[in-house]
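Multiple structures are listed underneath, in structure tokens.
The two complexes that follow have chain A in common; it is paired with chain B in the first and with chain C in the second.
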Partner chain A sequence: MKKVLVACGNGIATSTVVASKIREACEEAGIDVSVSQCKLLEVKSKAADYDLLVTSGMFTGGEANIPVIGAISLLTGVGEEETIEEILMHLKSNGCRPAK
Partner chain B sequence: MIEGFHEDMVLRVSAEGKTKQDVLAFLARTLCMAGYVKESYRDGILHREEIYPTGLATGHINVAVPHTDCEHVRENAIAVGLLDVPVSFRAMDDPSREVAVSIVIMLAVKEPHGQVDMLRKIIALVKRQDDLKRIVEAKETKQAYQIIAGYLG
Partner chain C sequence: MDFVYVVFHALLGAGPIVLLPIIITIIGLLFRVRLLKAFRAGLTIAIGFAGIKLVINLLSGNLGPAAKAMVENFGIHLDILDVGWGAIAAVTWSSPIIPLLIFGILLTNIVLLVFKLTDTLDVDIWNYHHMAIVGIMAYFVTDNVLLGLGASVMMAVISFKLADWTAPYVEKYFGIPGVSLPTMSSLSSVVIAAPLNRLIDRIPGVNGIDFSVKDTQKYLGFFGEPLFMGLILGCGIGVLAEYPVTKIFELGVNMAAVMILIPKMTALFMEGLMPISEAAKKLTKEKFKGRKFLIGLDAAVVVGNSTVITTALLVIPLTIFMAAVLPGNRVLPFADLAVVPFRVAMVVALCRGNLFRSLLISLICMAAILLAGTATSPVLTQLAMTTGIDLSASGGISSFAATSLTVSYLVYIAFTSNPFVCVPILLVVLIGVWAYMDRRAKRAGQASGTEESGRAE
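Up next, the complex of A and B:
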């Protein structure tokens, strides 16, 4: 199972909106995924345990060593489908269980 | 009637020459005077906007969704500022970028998880340029209230 970390300012508000959209998209695509949330400030200490970092705000906390996708489009609606596709593409790549 | 969202919390703001701090302080004060938030809410909002800006480049009409920690809130509420001229906010995804905002939707949420539900509904609205246009062009704030309330119900 792929693990996604979603980060925003306080790890509660916009990250939850983004996280629920990722869960929905993965379910539709048949991708087995675990989505967690944190504050942007916590990313540096947590990122190593995850396959992908998705942020609503700007990640400036240094190196994450995992792929990072900015997901403001999931809040603004501008370019939303492209962002969802990009996220799914990262999660579909090797090591993921095939879709049912 | 939507819990926490009342018609008198939709306000026209004369924004000529105003900064985002002016607009945020005005809406925070309105929420405070109505008893929804503590006096500390204003500083909480201003501080938070500096660190994690909330401007959203949603298209022609842009929106900001300022919010802050629950500890400053007494009761769930939303205050909406309809700005007669856009005011510059910084973008949530890139604080170095400015967004000319016409609608400010300020959230006051008592429970951390309540914030999410409210925000999810607001996000559904901010993606709809047609309804945002109807809101800024509404002759009466009552019409703007009804459009927004339609999303929160």
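Up next, the complex of A and C:
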């Protein structure tokens, strides 16, 4: 199962919107996924345990060693499909972690 | 008629746990959400409220007595607990007049859009709570629904206009075009930051100061992590309360729990409101097809900026220190230390990332928040108690949101102290600033116009 971390300013509002849209899209595409939410300030200490980081806004505050996708389009509705497509591609692609 | 009256009063007496599913279902149906979906949303929100109540009891029951002991032992007069914006939002959404306010705010947005008085389309229903709480508090104090509605509409107009005016900063500084941020929790700082930034521009010697701080995330990063924040603050207050060692750690761990649990409960509110927000988005987008506007988003989209993070990480400990020494302040900063980045984001953008200015102005904004929070705590505390939250163990509650925010405080005072004098004054100031901003925008437009034509030649 792939693990996605969704981060936003307070880990509540916009990340909930983004997280539920990702869950919905994955369900439709038949991808087994676990989506968690956090504050941007927590990314540094949490990101390592995840396969993909999705942020609701822009994020220049720190580096993460996992792929990062900015998903502001899921809030504005402009370019929403493309972003969902990009997220799904990352989750389908080979970056599978060996099962522990 | 009598029957309706009796039912209505029975519902009001039942409290938010019963009221919330009904209110939200009605709001949902009005936005043409299907009945089952609307009811599920209402129930989810009521569950969030039940959760918040539990956590606030944990907070108030543990931190309240400790804060009181701290006052007795050291005279550090911080007995008003900062319960955080989530708890305040819960109180807001459970008010019986919330449907009226929501539609009042939405209608205000639509009317302003139709008459081209704003470019911001704000259907982020969730964030309406910043505007609604001012109306609810005005209604609570005056018992006049019209004053309540008026206060919320005033908040809405100010929010949309501030969002319009700050949109260029969102585009240029944060690099997000086509978007504005009608979130009062971050916009409110602008009314302090914009004049101050101008002032600093004119002080020779000071206007050139800037510095940078390296590795703030490395050394101060734990201030951004709520669980450490809660633990440290809880233990610190336990020490000042002169608790025995085990009780100090008990308070620390309990406060870490509060810091982590409040957002989890608040997320339920967001989850419940999402279907309604989405429905509102769809409805209004159809109505304004072809019109170019700024999409109103939660300010959460800009707080990931590195200078915002650096400023916030420095402001958080300084705010705790300031709370102890600021004359007149009684608010003990706690839950809302987690959302300091929102309070500083627009300040950083206005100062174009100048860390010296951002820090100085942010601290002044935070001082204003603490003082307004102290002043409006009694009303907020009473309001929260009517929804069944037990606060007897503490000296009152406050937050860094609601009427602690400078703009919200001013609107609240205007509508409650002497509305016939103060509301016109507020309107005149608003219209004056509006005219000034329009003229500035026009001049800027002309300047860039001639620049472009100059380049073309």
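Criterion: the second predicted complex is superposed on the first by the 94 of 100 C-alpha atoms of A that agree within 3 Å, B and C clash if a C-alpha of one lies under 4 Å from a C-alpha of the other, contacts with A are read in each partner's own complex, and residues count from 1 in each chain.
We adopt the following convention: contacts are C-beta pairs under 8 Å (C-beta built on N, C-alpha and C of every residue); 3 or more make two chains touch, one makes a residue touch a chain.
Bear in mind that the values here come from a model prediction, so they are computed numbers and not experimental data.
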Fit or clash - chain C, chain B, common chain A: clash
First, second, both or neither for A:Glu42, with chain B first and chain C second: second
Dominant toucher of chain A (residue count), chain B or chain C: C
Touching partner for A:Val68 - first (chain B), second (chain C), both, neither: neither
Which of chain B and chain C A:Ala29 touches, first, second, both or neither: neither
Partner chain(s) touched by A:Ala13 [first = chain B, second = chain C, both, neither]: both
Touching partner for A:Gly57 - first (chain B), second (chain C), both, neither: both
Touching both chain C and chain B, counted on chain A across the two superposed complexes: 8-10, 12-14, 16-17, 20, 40, 55-58, 72, 75-78
Residues of chain C defined as touching chain A within the complex: 86, 126-127, 174-176, 178-179, 217, 221, 224-226, 263, 266-267, 270-271, 274, 277, 281, 285, 295, 297-306, 308-309, 312-313, 338-339, 341-342
Residues of chain B that touch chain A when the two form their complex: 48, 51-52, 56-59, 67, 69, 91-95, 112-113, 115-116, 119-120, 123, 126-128
Contacting residues of chain A [partner chain B, same complex]: 8-10, 12-14, 16-17, 20, 40, 55-58, 70, 72, 75-78, 80
Touching residues on chain A, where the partner in the complex is chain C: 7-17, 20, 37, 39-42, 44-45, 55-62, 72, 75-78
